[in-house]
Each structure stands twice: as structure tokens, then as C-alpha cells.
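All chains are identified by letter, namely A, B, C and D, in their written order; residue positions are counted from 1 within each chain.
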Amino acid sequence: MTAPIDINGLTKRYGDAMALAGVDLGIDAGEYCVLLGPSGCGKTTLLNIIGGFADPSGGTLRIGGRDMVGVPAAQRPTTTVFQDYALFPHMSLLDNVGFGLRMRGVGRSKRHAKAEEMLDLVGLAGAGRKRPAALSGGQRQRVALARALAVDPDVLLLDEPLGALDLNLRRAMQDELKDIQRRVGATFVHVTHDQEEAMAIADRIVVMNAGRIEDQGPPERVYRRPATRFVAAFLGEMNFIPATVQAGRAVTAFGPLGPKTDLRDGSRVAVCARPEHLFPGAGETLGKATVRESVFQGSSRRVTVTPEAAPDTTLRAQLPVGMDAMVNDVLTLALDSGHVTLLEDA
Amino acid sequence: MKTTTRLLAVLAGTTLLTQAAAAQELNALVWCDHTDDALIKPFEDKFGVKVNLKEYEGTGAALSLIEQSQPGDWDVLVVDGIDVPRVVSAGILGPLPVGDLPYDSLFPEMVMEENHVIDGQTYAISEKFGYNTVSFNSAAVSAEDLSDMTALWSDNAPGSMAVYDYYVPVMGMVAMGLGIPTADITLDDLPAIEAALMKLKDNASSVGEVVSSQTAIATGEVDILFGGGEWVTAGLTGDLPDLDWLIPEQGAVRWSQSIGVFADSKQPDLAVEFVKHVLSPQGQAALATSSCYWAMPANRMAGAMMTDEQKAALRWDQQVDYLNKADLYPTPDADLDAAMQDVWTRFLAH
Amino acid sequence: MMRFAACATYMALLYGFIFLPVGVLALFSFQDGRFPIPPFQGFSLRWHAEVLGDADLIAALLNSLMVAFASSAMAVTLGFLAARAVATGRLPRAKAISAALTAPLSVSYLVIGLGLLASFNLMGQSLSLATVAVGHIVINTPLCFAICAAAIGPAQQSAERAARDLGASELRVMWLVTAPMILPALLAAFLLSVTFSWDEFIIAFLLSRFDVTLPVEIWSLLRSGLNPKTNAVGSLVFMLSAIAVLGVELATMRRK
Amino acid sequence: MSKTLTIEGRDRRRALALAAPALLWTLVFFALPFGVMAVLSLWQRTDQGLEAAWTLANYAKFASSPAYLQAALNSLEITVVVTVLSVALAYPLAWIIAVELPAKYRRLALALAVVPFWTSYVVRSYAWSLVLAKRGVLNGWLGDLGLPLMDLANSRAATVIGFTHFFTMLLTLTIYASLVQLPPNLRRAAADLGAGPVQIFRFIVWPLALPGVMVGAFLTFALCIGDYVTPQILGGGNDLALPQLVMLQIGRRADLPMAAALSIVLMAAVTLAYIAMARWMKEPSK
């Protein structure tokens, strides 16, 4: 039904290029894990290695405790939902979804029953006689999902499964995917470059960059306390305020900011704060700042300001609605130090 | 739409151009032995014209080519001697000025008045002749084995064999072998001829036209070529001295080709000059030893222009004997011709 | 490993089959003797020299090139225009028209040639290289139409629409937008068309008179005497074409 | 001039104008000649020339003479054997090039597979006659190896080999084209769901590439059954094919009407093959 994945020191080399430069990752059984990163970061390569479509150049991969290196895709307890869905255009939905069972020698009536059940699970009950060409993009995606789930995989791999859908559909499918995962209980490994999707759906986010894992953990932790500057910047917007450590505090142009630190004096760090944690009023004040740009965003107002204390930096803040801030207005901004992270400069 | 009109105009223009250009050109419908420069070039140089040659095989092919042409397209025709009456009656050939042509120096058998003269008008003149008989590789088969032609369609043929793919002479030969003179073939004789042909086909490994027959015997593919003769072997004896030919005791078929001028030729004088050129001793020598096939010139005077080796290969000195032993090509009327062609089609499909 | 070995063996066998006649042809074109058959008697360039010195063959080669290029240019033009008409989506009975335009593809060349022969005869049109070209346009237009139709997609449609919106006339849309966008397809159609025309025998045989194309000249060479000259023509034509094909291949590769 | 045109109406006219040249060409130089042939096939050849007899005599002659029927049968048999053999030989090669070979060698392998295409069709057939001749290259090798010699020249086998050579090249191209169009993810998806190589081929590749293969096979059929050169050069006059019979009518008898009738018969065979293929492809692929 479900299985953990255990990856140790995995590398993948294409000629001189390192697609994966030593990846260690443990995914628990039944977990919804999202591999997140910009294109070319190695996330799809990693998925292909887990799925059995590519060989690693080094390292180990275990699924449910079994060594998987060299095992062909067909013999792994994994199935994949492909980015282009890869539906068989010449087969009905029932035959598409039942294909894996057919390969396992399951009889026609049994596999059709299972296929119906799966189509029902993805909200396509009764469409089994149709051909893929008769479906919309979102429906095809569901068929691909049903097909991959029909063989009861321990691990389901999803390669940018929502990439081809429009925004509304994507949001709806995120919820549904999560729901389906809970119901079937299998381990899901989902690749995406959309950080909102990742946060909405994942039990564990794995942020990758240049063939390495930069950070991994529950979405909230990774968002709030990113391990690296890359992660901080990739997961939404972030203000980086340059600072130097003095007596256990990060000292910026605005004075000491953020939590205490063990770093030795003189270390260069960045004080990281998300726009929503900058607000007018009390707290660790950043002093006066002039509004340069102000954009209404429905649930909030986003402003770009130049602080008086550091005229060379721009900061972004998210103000609650109802708070008008016109260009050239002067605000006094403060920082919620509970939400601030210190990151050492690389 | 405009493009098409313009294109059609261009096409029409090209046609006009080619037709206009044809004024300085002589168009001849010939057999492949007329295409050598040795024959054509002297004429072109002398008259400052271009000779256009279209090759064909078989009178039927010539007739369809002529039917698919416009009047005046052609000037000179080379055709089987026996088919001259047929093309004359179709109105294709015009009369020749007898006085200008070397009738007196032809081999007497080549005058063939019954073919060439119709209602007192001469329409064509013989230019080349030879025999459809048996060619063989003397290293593999002895002449004695071939002296009885019927052996070739018996149960034990003397060697591997190919058959020349032309119905008139080969069926004529088979008729001779069965004791029927070629002039006497009737519809009633066809079943016997067909039966012999089918046996012949069983013994033969291939049926082919001039070059494939040549190839077959020259490369050792077969030892015997039924329907062959000096026209297959003479040109090759320099390289392959073992190649030989003979006339079996039952006889063989004599073929001859004639040349004439089209009735609707736009330049009859030039056309007659071409005929005269081909019939001249030089022209005859070149024609006799053409690269396509060798055979006897119709004009005895050509001998003076040929080497002894060439004459030996053509058996120049034995012609009297050969001419006696050989019957002329069969001359079937339309019904017999159609029936013979049907037999031949069955022979090919057998 | 087994799989690799199986594939390699199969490829070797099939390439052997494919190249066998060409290799034999080329080998015996160097035969130092009268007969192009084993045993190989030694190396000679005599037959190649004879081919190059044969005015009829050279004339036929030039005729072939002329017919191939002229007929292909026309076929590509006709095919391209028709493909654009179908692609607009506004052509009435587009399906029937497409079917009619591709119909000649499935008709034997012999039948097309005979039909044209009889028709030209009826029209009083005498035969020439132009009539051969007409026949070759008939067989190549469907091909060019199909290739162009496959290449014109939604991308061209929207670019054309944009160009029209910006005031380009229909002719300029075609010349400045559509044609450059599907240039590779046009080129492919043209080259394929040239190849087919270059190699075509029976139509050229039936529809030509004195000026003939290379295949027809080779045909009469084949029936007028046994010698390795035929091999030499074949190998020379082969080398010429192979060089041309390689040249085009290299040129397109470099542009990429 | 007062007539107003809608935008769509103008577009339709414009489209028609674009299609007109090709249509006109096809009409004048393809459809019309075809009609001429059909009409001619009802005429008769007489001594005086062609006579508009309006008779089915030519067809009756075809249907009643065993030699003609035999020629049609020969053509059909040769064509079917060649088509099946060529597909069988070309498919694996196209597969290897499209799937097994690293992408960078594909173009080269494909180019190599069709290079002999450019030897000139007539010469290719002739080259085979050199290979297959009794004292030809093939038997030379067999003799050197101490193997029994083969008598392939001037036979149906020679015709079939010559044809198969040509059409294997052609089909390698067309089959490659339809194989390479298949998204590779389909094969991966099937493998992922547990299909082995044989099953992937049977359930995914074969049915999806089939239409392309069928079109290639049909073209092979149409071109092969109508070809005159190969059987004429390689068949050795032992196995008359329909196109040879057609050419015999013209070359030997100047009988254009009979040639036309036989051509119509030839086209009927191709049309039947086409209908069979279209029917077969329309049926659901199960």
C-alpha cells in the first residue's frame, strides 16, 4: 500500500554536467513530498531515478527497504503520472486505466471494475467509454492519475502534474490530489516549480537547486525559517537587510535586529523578513521610510519603500487593507522579530 | 488561375519553339543500330543538319509512335522488310526516287520487289539483313548437337538455353523446325507451333530482348540462344572466340530491315539524301558493324570498306549458302498476326 | 547486451542487403574488360571516361536536371498554394478537394503516363521535355501539397492573421510570413520532388521524343550493348546524387 | 459592383483562388487523361487505326484469356509478397533507428538506409541482375564458401528481390516517420505500468504506428503493382506482370485501347486494395 523512500548520496552525471550532486533524502511512508525548484535544478532527474527511467551515477535508492538500483520501472512499486499525461490515444479510458492490471494478467471484468472505481475516485465516473481525445486537459490529468493509481502503487510519482492546467483548475486539483493521497495512503512524490502549489499540498517540501537539496521539511518551517538565502528567495518574497554580528546581535543600518545569534563577532549576515512581517507601528522599528510604489492587491496593499536610515536599500511591505499609503507618503515601519531569520552570507 | 494560364502559355511556347527548330533537323525513327556517330556524324557534317533519332523495337511500337505524333513530325523510317507493305498501306511511307538509289549493287535477294514495290512505286529499300537462327557457345555445346533444331524442344535439350523475345522470327523458326515454310503458316499450324514453343520455354531459363539475350550467352548464363544469329555473336567474337552460330538442317529465318521516307515529311529531299547516305558503301559498313548489333549490309559494295576480320565474323563468303537455307520472315495477315501475338503472350506467361 | 548484439546484427545484415547492388555496380564500373561480371579483371577508368565523353548521356543528364528542377518548382508552387487554401479553414469542400489533390499518389506511373500520352495525342500536342515535365508535375504536386499541408499549423495561421491585421496584402503575407515560416517543409518538398523526377522512368519514356531524360537514356544504353558503361553511369549518378544530398544535409545542419 | 461581399465570403473566394491552380492542373492532366483512358478502353484497334467501337471486347478478352488473367495474378502475387516482405524487413530497421539508436546517430543511419535510392531506378534493377546472375557475384561468393549455388536470375525470385530492395528503403523512411512521432512517454508509461518490451510493442507501438505503416504498405502496393522496369529487367520473360502486358500492347501491337483496358484493370486492383485498407483502418483497433 505504501512505502518509505530512502536516498543516500545519489548522484547523476550527464557528461561533464552534474544533474544531481549528492542527494540524501528520506521520505516517510504515506507522506506527500513535493520536490520544488527552478527548472534545471535536478528535481525531474531525481524523480526519473526513483521511477526507474534513469540510472543514478552513484549512491543508493531504497523503496520500502529494497534496493532499487538497476530495477526496471515495471518491477518497482512505483507508478508515474507524466507531465504530458502520456495517455494511450487509441484506447478508451477504461482500457487506459486498466492497462496496468492487464499487464499483471488481471481478467477483463475485474480490471474494468477497478478502472471504474478509479475513474470514480478522480471524479470521472461513467466516462469510461470515451477516448482521451474527447477530454479536456483537466480530465486527462485525472485519467493519468487514475491509471497510475489503478495498480495500487506504494509510491506515486507526479511530474509537474498540474503544469498544463489553468490557475483555477490547478488550485482545485491541488486540494483533490491531497484528498486522494489521504484516501489511498500511498507515498506521493510530486515535482513542481510552483512554490504556492508546493506549500498548499506538501507534507514535506524538498527545495532543490543546482543538483542539491537546499532545504527540506514541513512547508511552514521551510517558509518561515528557510535554511539558505536561495530557499528564502525562492519561496515567496523576502527582504534581505545586510548586517554584521556584534555581541550576539545582527546590527543593521537600523540598529540591531532579529533574534540573538551564536555567530562570532564580525560575521556578515542578512536579516531576512517577509513583506507581511513589516508593518507600520511598534516593534523593532526601522524608522521612517518613503513610499515609492503602492499596489492594491485585494486582500492587502503592497508597498515599496526607501528607508531614511539606508537610502540605498528598498524594502517591500505588505500592509493590511484599509491602510492607505500613497506614493511619497512617509511611513514608520517596524519588524516582528519573532518572524525574522538570520542567514549567514555565503 | 493566372499562374496556370501563364504556365500553359509557356508550355505552348516551348512547343512552338521546338517545332520551329525542327526545320533544320531530320527526324528518324530507327532501330538501335543507327545511333552510332560513325554512321550519323558524316551525314550531319556534310549537310550541316542535326539528325534526331528515336529508337524503337518492333513494328507495333513504331506504329504507336507514329500514331501518337503529328503529321510532318517524322522524315525517315527504318522498318522490318516484311512490314513495308503494311506501313505503305497505312499511308505512312512515300515513294522513293529509284534512280538515285544503288539497287544494282544490292545482294539480289535484298531487292525484294514484292515487298518494296507497290503499284509500280518503290517505297523502301533494304539496308541490312541477317538470320534468326541458333547462337551457341562452342566450348559448351557442339555444332552437331544443334544441327537438328527439334532437339531444342525435346525432353533432353543439349544445353542451357535462352530464347530471343520476338514473336515473328522465333515462331517462324519453330515452323521451319516443324517442316512448315514460313510463307505457308496458317492459323491451323498454330497449335503445333504453340506446343513446341511451350516445350522450348520449359527448356529455357529466360526469354529476353537483344541485350539480355546477348548478356545471357556472353556471360555463360546460357549455352544456346534460340533466335540468335550473327547479330548477337559477331560483335562479341573479338572478346569471346568461343561464340558461334549455325543454321540447323531444317533451316532458319532471314530477317531484313528496310529504310524509307515518310509520305508527309516536310523535307523529303534531305530525307532521301539520308537514305542514300545509309545505302552508300561507307554508311553500309558502319551500319553492318554498329555497336548495337552487327549484320550483313544489303549493299555488296560495302565489303570494300570492311576489314577481313569483320567480314569473317559476318561470314561474308558463305552468304550464298546461308541465303539458300533461310526462309524469309513470316508475313502474317492481321488475323494471323493477332493470333500469333496471343500465342506469344501465352508463351511469355507460361 | 543481447539486445544490442541483435540490433547490430540486424542492421549489418540489412545495410548489407541495401548496399549490395550499389557496391557491385560500382566495383564492376572499374572492370578492365568488356563484361561487367566476375571475375574482376583489374582496375580501369576507361568506362567512366567513356560516359563523360558520351554527348548523349551528358545531354540526357542536363535534360533530367532541367525537368527535375522546373517540374519541382511548379509542383511546390501548386502544392503550397493549395495547402494554404485548405489551411485557411474557409475553403468550401476542403476535404473533397484535398482527396482529389492527393489522388494521383495512388495511381501507377504507367497509367498516368499512358493517359497523358493518349490525351496529348488527342490534343495534337507533340511530345517533348515539356510534356515529361507536365507528367512529373502531376505525380509530384500531391506530394508537395501533403508536405506543405502538414507543415502549416496554428502558428502560421496566427502569424498570418497578425500580418494581415498590420496591413499586409495577401501576396505579401504569403511571401513574407507563411513561406519563410515553413521553409524547411518547402525545401523538403522540393528536394523530394526533384529526387522523384530525377529517378522517374516510365512517364519520361512514354512522354519524350528526341530529347530524353537520363533514366530513358540509360534504358536504351541497357538495350544497346553489353558493357560496364552502364555500371559507370550508375555509379557516377550515384556519386553525384550522394554528394548533392550530403551537401544539403550539411548545409541544413550548419544552419541549425 | 454593387454586390456586397461578407468577410467570410471573400475569404472563401480567396481560398478557392489559391486552390484553383492545383485543382485545374489535376483536372486537366490527371482526371481528364484518366477519362480518356476509360473511353479508349472501349475502342478497338484495327488495321486502319483506332476505331470508336464502344465495346467491352477488350475487357472480355482480358477476362477470357488465361494468359492475361495469369499476368494479373502474377502481378498480384508478386505485389503482395513484396509488400509483406518489405514491411517485415523495414519495420525492425526503422524501429532500431527510431528507438534503439542514440539520437545523434539517427540521421546518419536513416540517410545510409536510403542512399542507394539515388542510383537511378533503372540501374538498380540492372545491378541486381549482375548480383543474381548464374555466374554473378552472389554465386561467386557462395562458390568461394563451398555453398550450393543459387539460380535466382531471370525468375520471379529476382523480381521480388529487386522490388523488395527498393521498397524496404522506402518503407524504412515511412515507418521511421510514424514511429518517431510517438511520444516516448507512452512507452515509458506502459513500462511503468508493468508492460514488458513485447507487450509495449503489441499494445502501444504497433496499434499507434499502424496507420502510418498501412499507408506505407498501400503506397508500396500501388507503386509495385504498376511498375514495368523491375519485372522487365529481372524477370527474364518468365513471369509476365500486368504492366509488362500493358507495354506489350503498345510496343508490339500499337493497341492503345487494350493497353487502356488493362490499365483500368490495374487501377481497379489498386482501388480495391485501397478500399480494403480504408475499411480495415476504420474498424476499432481491437
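Operating definition for what follows: contacts are C-beta pairs under 8 Å (C-beta built on N, C-alpha and C of every residue); 3 or more make two chains touch, one makes a residue touch a chain.
Just so it is clear, the structure is predicted and the values come from calculations on it, not from any experiment.
Identification of common neighbours of chain B and chain C yields D. For the pair chain C and chain D, the distance between C-alpha centroids works out to 16 Å.
Chain A and chain C have Cα centroids separated by 55 Å. One finds 89 Å separating the Cα centroids of chain A and chain B. Multi-chain contact residues of chain C, defined as those touching 2 or more other chains: 37, 77-78, 81, 134, 222. Within chain B, contacts with two or more other chains are made by residues 3, 57, 67, 215, 219. Chains touching one another form the pairs A-D, B-C, B-D, C-D. Listed in rising order, the residues of chain A touching chain D in the complex are 51-53, 72-75, 78-80, 82-84, 86, 88-90, 99-100, 102-104, 147-148, 151.
Listing the residues of chain B that touch chain C in their complex gives 3, 7, 11, 14-15, 18-19, 27, 32, 35, 52-55, 57, 67-70, 73, 209-211, 214-215, 218-219, 235, 239, 291-292.
Within the complex, the chain D residues that touch chain C are 8, 11-12, 14-19, 21-23, 25-26, 29-34, 36-37, 40, 89, 92-93, 96, 100-101, 107, 109, 111-113, 115-124, 126-128, 130-131, 133, 135-137, 140, 165, 168-169, 218-219, 222-223, 225-229, 233, 243, 246-247, 250, 256, 259-260, 263, 266-267, 270, 274.
Here chain C touches chain B in the complex through residues 33-35, 37, 74, 77-78, 81, 117, 120-121, 124-130, 134, 209-210, 220, 222-226, going by the rule given at the top. Only residues 183, 185-186, 188-196, 199, 203-204, 207-208, 285 of chain D touch chain A when the two sit together in their complex.
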